[in-house]
Structures are given as C-alpha cells and as structure tokens.
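Heads up, the next two complexes both have chain A, just with different partners, chain B and then chain C.
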Partner chain A sequence: MDFGLRLSKSNNNVTDSLEKMLVDSGYPLFKRFVQGSGILSTTAGNGGATVEISHNLGYKPSANVSGKIPYGSNKYKEWSLWDYQGLQLGDTYEYYPDTNKLYIKVELCSLSDTVNRSFSYDYIIFYDEATL
Partner chain B sequence: MSSWGLKGSNDNKDVLNVTDVKDLAFTSGKGMLGLRQAIVYSDVTDLNGEINVLNNHNFGYIPIVFVESVSWDNKRVKIPNEWHSFYINSYRETIEITEYFNYHISKNQFRMMIKSQYFNYDTFASGNNSGITYQFKVRYLFNENTDTI
Partner chain C sequence: MEWGVKLSKPNKDVLTADEKDLIFNTSDPSLKVIQSGKYNLSIASSTTTTYTIPLSSSVSRPLLPLVNLYVPSLNSYKGLSGISVIYDLVTYLRGKFEYDDNNLYVTIENYTGANVDTHFYYFLCYA
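Let's turn to the complex of A and B:
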C-alpha cells in the first residue's frame, strides 16, 4: 500500500489525476537552496569572464540564471544565448553547475571585447538534482 | 466560511502573520512546480542535418517542461535556441556550425527538432551535419501548461 501526502487544487478531489494536485509527495517540488545576484565584469582583451558560485552540495543541482544581457539591454534574458556581433562573430552567455559550484560565463568575441563590460546575473540553485 | 489548507513560512517569518506569499516556503493556496519525470532523448541527424522525432510521454495533458541540449562546442543550451560555434579544420579552414534547437509538446507526445549546418569561410562550401548524435534533456513538471493557479 502506498503512503504519502496529496493536496488537490480547488474543486478537485485528492483521488484525481496528478495534474490536478498542488502537492503529491510522490513527486518532488523544486526546493530553493540559495539565490542571489551580482555583476559579472570583463576586462577588455581578456575574452570574457566567469563567476563561480560555491554550493558544495556534492552533486549537480538544478539551477537557473537570468540577467540583463547583452550589454546595453534593459530586459532580462536567460543566460543561454549566442549574440551575433557581425562579421560572423558572436558572444556566448552560458551557465552550468558541477558538484561544488555554479559557473556563470561570458565569452566575448574580438568585436565586443574592446572595452570593459559589465553584465548582471540573478541565479537560483535548487536542492533538486540535475539528473540530466 | 473558513479557508482550509496548509502553509509553511520561510525562516524567521511567523506563519501566522505572513501576508506576502513570497515569505512562504510552501502554501497549498498557490501552485508549486514539481517534477514528474526527467528523461534524456537522443537521436542522430539525417542527411538533411535534421532531427525531427516524436517521443511519447502519455501524460494525457500538456505539462510545463524545461528543455536543454548540448551544442557542437559542448555548451549547455536552453531550448529553444540558435547557437553558433567555430573551429579550424585540418586544412586550417574556418568552419562555422549553426544549430537550431526547438521542440513541440502535446498531450501525449514530445517532438524534438534540430537543424545542424556548417559553412566553410575559406571555400564557401556549406552543408548539413549528418550523423551527429544529439541529446534532448527534458524535465516534465507535473504542472499543466494551461494551469492558472
């Protein structure tokens, strides 16, 4: 026999199908470990920069990063972007976790790496493992 | 009429006095995102440099999904996305790789779509990257995409 906790949405029964539930203890809710924000600064000619955020969970956690990228933008975007700069060159923005850190990284092409730059980032790291 | 439910506050917040939902770690009064299934699909690009294949999830409703893949230059990319990368081949020619990642989802199926192409800047040759294995990494949430809570 199964034991657990189920909470249904309004006007639904707890015996209804899964998508009608607010909570089903058989399926994990995303649980926030830590979140924060910062500015990633680059120095002209260095080709980009990486921010390292320690979590020390010992496994790859799920995470999400967004921010005001690229330079000059006033709108938030996911830090998963190839941004064309012209002459078949582009800047890349990415993030990825490993077992101890979250890396937020920008790589600038020669056309856009001529001045010091700053990019905002907001991150959230979940306890939930990135099993993928 | 009384309101029934379950809630828990964040650290240093009194659950009895919380009025702002963001001060709650948990509340049955609002929808919360939860994971139903995490799965990796993989396939190989055809002669057109494309992957266009259906995979069954059979949930019977359209779930919210988070989807990612890995690009030619080994970057983790969120989907949908368009990604470009460059490398120098053995003839010292510059090659640009362009990859288009996309997906569709329906009540019972997930369609993964990739188009992968190359362009040689020295010979101006272009074509499709066939025979390349890609992975689509999908997190299906148990939440319904049309949910308004």
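Let's turn to the complex of A and C:
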C-alpha cells in the first residue's frame, strides 16, 4: 500500500516527480531542535579553544555552524575549513556532535596564535540524526 | 489548545515517536529553501570576480547556503565552501562563498588562461 502526504509547487500536479514537490512525506525534512549564536575567545599561546553546547538528545544530531573568520573579509563562512596562514601552517575550524554536546573548535597555528582573538559563530542543531 | 500535524517514519507510532523518527512536525521548524537562483558567468582570463547576491529582507541568520559551480573542464558541478578550492590543477578555476546580513558573496577565480563561460546555482536554506 502506498500512502503519505505530498504538496506540490505552484503550477505542478501533486502526482508529478519529486523535484516538483514542496513536501513529500517519503523524504524526511530537517527539523530544527535549537539554534543560537555566541563568541568563541582564544588566549594567545593556548593553541585555540573549543565551545561546548549541550543538547542532551542522547544521539549524534545533524548540525551546522558558521562563523566570522577574522581574516580577510570578516564575513560568515561555514565553520569547517583550513585557513592557510603561511609557511605551510594554517588554522583549523571544525565542529562535531556527540550524544550530548555540539563542539565548536578552532586550532590556531603559531603564526596566528600570538594575540587573544574572538570569533562570532552561529549554530543550528537538528533533531535528525547525523548517523543512522 | 494543542494543534498541528505530525507524520512519523514507517513503523513508528506518531503518538509516541521521538522527534528524530518523524518525517515532519509542525511544532519543529523545518529546513526550507528561502531563496535560490542561477547565475550565468562569463569570466575573463586571469581575473577574480565576486558576485554579490542581495538577500531577501526576510532572511536572518543562521543561514545554510549551498552553492554549486559548474566546472566546464571537468563537465561537473563542484560544491563551494568558505575558502577557495582549486578544482582543476591544470586549468585553475576555483571559487568560494561567504555571507553577511545583507548579501551572499560568491567569488570565482579564473586562471585557466582563457575566458570561461559557466554558471553556478545557489540555495539559501533556513529553519
């Protein structure tokens, strides 16, 4: 038996193919659990810092983090990159969940870890599991 | 008064299922494409071009942009990220995206040695 709920985009039939649908219950939607923003601060010489955000879902949820990397443009980028600083050294930005927390981390290389720094970040945690 | 729509995944009781076992729940904001588009590009050789895409006034952070650049020499799409990635060491076409409260910025560098006609798609997602 085929059952479910479909909602089509304007001027399309609900029996059309998937790309013409707004919602198709055969495909789960990402459901927001919580979102927020903050400042990650580092102290010169410590090599970086990690922010821990509790979610206590009991499983690894999907998440996304973006932030202002304070070099160059000072615009928001996904918090998942290696930012080259010179001399084959770079800063690493990453985020990952475990069953109770989301970790937002920056590792600064010796070239950029010479002064205290502050990084603005946004995060969003979904109910949807990162691993099935 | 409690109201709304919940739809569970197969073999899950909609009355008792955890949120992760729901297809959707009107109590939980879902990830939505709130703005999207396609940009056709004609990039001169040995240039870097930044395309500024105004965000609609209803947009607020956090945002999840997805940007896919077509790389003609590879005949494939490549997802952009916050830093420039060289997609083809021979032809050296690369790009990145960033955003602020007003605009999405897509930067393409063309050091292929020739003009490049290509395009990118973007999807701006929000929950």
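Note that the second predicted complex is superposed on the first by the 127 of 132 C-alpha atoms of A that agree within 3 Å, B and C clash if a C-alpha of one lies under 4 Å from a C-alpha of the other, contacts with A are read in each partner's own complex, and residues count from 1 in each chain.
Keep in mind that, in the parts below, a residue touches a chain if its C-beta (ideal position, glycine included) is under 8 Å from a C-beta of that chain, and two chains touch if they have at least 3 such contacts.
Just so we're clear, the structure is a prediction, and the values are computed from it rather than from any experiment.
Asker: Quick one: classify A:Ser17 as touching chain B (first), chain C (second), both or neither.
Answerer: first
Asker: Just checking: does A:Arg6 make contact with chain B only, chain C only, both, or neither of them? Give me first, second, both or neither.
Answerer: So A:Arg6 meets neither chain B nor chain C here.
Asker: Spot which of chain B and chain C makes contact with more residues of chain A, would you?
Answerer: The partner that reaches more residues of chain A in the superposed model: C.
Asker: Quick one: is A:Gln88 in contact with chain B, with chain C, with both, or with neither? Answer first, second, both or neither.
Answerer: First partner only.
Asker: For A:Tyr123, using the defined touch cut-off, is the partner it touches chain B, chain C, both, or neither? Pick first, second, both or neither.
Answerer: The second partner, chain C, only.
Asker: Have a look at where A:Lys101 lands relative to chain B and chain C in the superposition and call it first, second, both or neither.
Answerer: neither
Asker: For A:Glu78 in the superposed arrangement: first (chain B), second (chain C), both or neither?
Answerer: A:Glu78 contacts both chain B and chain C.
Asker: Taking the superposition on A as described, I'd like to know which of chain B and chain C A:Leu29 touches: first, second, both or neither.
Answerer: both
Asker: For A:Lys60, using the defined touch cut-off, is the partner it touches chain B, chain C, both, or neither? Pick first, second, both or neither.
Answerer: In the superposition, A:Lys60 touches no partner, neither chain B nor chain C.
Asker: Under the contact definition given at the top, report the residues of chain A touching chain B in one complex and chain C in the other.
Answerer: Touching chain B in the first complex and chain C in the second, residues 23, 27-30, 78, 80-82, 128 of chain A appear in both lists.
Asker: Help me check something: in the complex, which residues belonging to chain B touch chain A?
Answerer: Contact set of chain B toward chain A: 5-6, 26, 28, 30-36, 38, 40, 59-61, 63, 68, 75-78, 81-84, 86, 96, 121, 137-139, 142-144, 147, 149.
Asker: Touching residues of chain A toward chain B in the complex: what are they?
Answerer: Answer in residue numbers: 7, 9, 17-19, 21-24, 27-30, 62, 78, 80-82, 84, 88, 90, 92, 94-96, 128, 131-132.
Asker: Mind pulling up the chain C residues that touch chain A in the complex?
Answerer: Those in contact with chain A are residues 7, 9, 18-20, 22-25, 28-31, 61-64, 81-83, 96-100, 105, 127.
Asker: If you look only at chain A, which of its residues touch chain C in the complex?
Answerer: 4-5, 23, 25-33, 35, 37, 57, 59, 61, 64, 66, 69, 73, 75-78, 80-83, 122-124, 126-129
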